[in-house]
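For reference, the structures are reproduced in the following blocks.
Common to both upcoming complexes is subunit A, partnered first by subunit B, then by subunit C.
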Partner chain A sequence: MQVRVRAFARLREAIGGDLTLEVPEGATMSRLLAAVGETSEQAGEALFEESGELRGYVILMHNGRRVRRAEAGTLTLADGDEVALFPPVAGG
Partner chain B sequence: MFGLTEDDFDVNAVIDRVRKPDMGALVTFLGTVRDDGGTEVMELEAYEEVAVRELETIRDEAFARYPIAAVEVIHRVGRLRVGENILLIVVGAGHRKEAFDACEYILERIKESVPIWKKEIGEGGERWVPGESHGGDA
Partner chain C sequence: MLTDRGLDRYQRQVALFGEEAQERLGCARVVIVGAGGLGCPVALYLAAAGIGEVRLVDGDVVDRTNLNRQVLHADRDVGRAKVESAAEKIRAQNPEIRVVATRATLDEGNAAGLAGGADLIVDATDNFAARYILNRVALHAGVPLVHGAVRGFDGQATTIIPGKTACLECIFPVTPPGEDLIPVVGTTPGIIGLVQANEAIKYITGTGDLLTDRLLVWDGRAATTAILPVERQDDCSACGNGRC
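The block that comes next holds the complex of A and B.
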């Protein structure tokens, strides 16, 4: 199935722009994040600590709704979903 | 108008659209691009669909919390020069206190939760302005 990944600010620069990734049916948010990290060394370093843990500043959204980090391992994605990755917001 | 735009706005025209005879106070916040030690240009990026929805949510929260009569919010995106307008908030109310309080509430909520980012570009290079908030549920 295909999932659209949108990234913003310095995460967009590290990942290189929006992506559409092919992931197995029933893949979780964590599985998708790993797949994004595998697209390039820069993307992997921007998203993950050396320990493999998701970096503290990464905010996750699934179809426009915030996802708590603790939910990433259990949230299953569906074909056509949109996942967004971004650092803390700085508007205003 | 309400939401995001690449174009500049006319502050007085927005105030005139909001004002009604029963309003004794129109509090306006105008945010501009600051020269932060050599900044020449600022690039503003947004997750547009989510940002507009979040601005609407914040407006609805302000109406629920304060006895105000009107809210306009315009946030610019794209490439801006030092001194240019970034954000306009206009709150109309019967009296000043609720208009000031609601305007500040809207501004703080925008900084906390609307997905917009700013990159400062100048002679010394470029930097993303650090976000002030993780949005509460990191």
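The block that comes next holds the complex of A and C.
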């Protein structure tokens, strides 16, 4: 199935724009995030700590709704879903 | 009542939202924390709009590396306190308002005093440690907080109404990492700062729809904005479970 990924800020720079990714039926948000991280080294760095943990400050949205980090492992996606990933900026 | 001078100065705004709204701006006290990339445009436009009292808080001095984006500071201001440099420019822009410059770095000890009595607080800081402090002060005092942040060509802004909308920690429960040198082009804080100033004007005049429970995300490379819906979190460590 296909899931659309909208990326923002540094993550968008890292993956070069929006993506449509092919993931297995019933894939979870975590599975999708891993797939996004595999698209490039920079994308992996933008999303994951060296330990492999998802960077805690990245805002996850699923079909326009905020997803808590704790939900990512169990939230299953459907064909045509849209996931948005926003790493906030901090400067002034 | 607006004076004749005020009626001239604010003619185009009175035509837009009326004399009473203009008087409300004239009675408003706004604290801008940070006189850098965001704080400069926020202060200039709020002064021009006729905010009665603009308070500037920043502990830094102007450095030459600030000048690409901190547009109230000129080459000759290098080495001067940012709040003094900024206050001088906005007083020249609008001598009819009160400008209070406080050279101080915000911390937990001084935050409540610096923000005390304000009708609205503008987060023009450059780090999340200061932002979390401001958020808690705003929640405690029940004063709206307008958040903005930038990096590179990217920026974000949102408006927080304590006790009603998502607070800064509901939206950003984990702080984004700091960097020694944050790359940025001056137009990014210009755009986000003006979104913040616009929110302040709207809040005070009661105009339009605020950026509450919505995070505006600006992508200057693509020249697009996105709105991400955000909501209050019951377990927020700043405003959750009846804390506010």
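One rule holds in what follows: the second predicted complex is superposed on the first by the 88 of 92 C-alpha atoms of A that agree within 3 Å, B and C clash if a C-alpha of one lies under 4 Å from a C-alpha of the other, contacts with A are read in each partner's own complex, and residues count from 1 in each chain.
Everything below uses one rule, namely that a residue touches a chain if its C-beta (ideal position, glycine included) is under 8 Å from a C-beta of that chain, and two chains touch if they have at least 3 such contacts.
The shown structure was predicted, so the numbers you read here are calculated from the model rather than taken from an experiment.
Q: Check whether A:G52 is in contact with subunit B, with subunit C, with both or with neither, and answer first, second, both or neither.
A: neither
Q: In the superposed arrangement, what residues of subunit A touch both subunit B and subunit C?
A: Overlap of subunit B and subunit C footprints on subunit A: residues 6, 8-10, 12, 56-57, 59, 61, 64, 66, 84, 86-92.
Q: Please give the residue numbers of subunit A that touch subunit B in the complex, ascending.
A: 6, 8-10, 12, 56-57, 59, 61, 64, 66, 68-69, 84, 86-92
Q: For subunit A, which residues count as touching subunit C in their complex?
A: For subunit A paired with subunit C, touching residues are 6, 8-10, 12-13, 56-57, 59, 61, 64-66, 84, 86-92.
Q: Going by the contact rule set out above, which residues of subunit B touch subunit A in the complex?
A: It is residues 31, 44-47, 49-51, 53, 75, 86-87, 107, 110-119, 128-135, 137-138 of subunit B that touch subunit A.
Q: Under the touch definition given earlier, write down the residues of subunit C that touch subunit A in their complex.
A: 34, 36-39, 124-128, 148-152, 154-156, 171-179, 182, 184, 189, 215, 217, 219, 221, 226, 228-231
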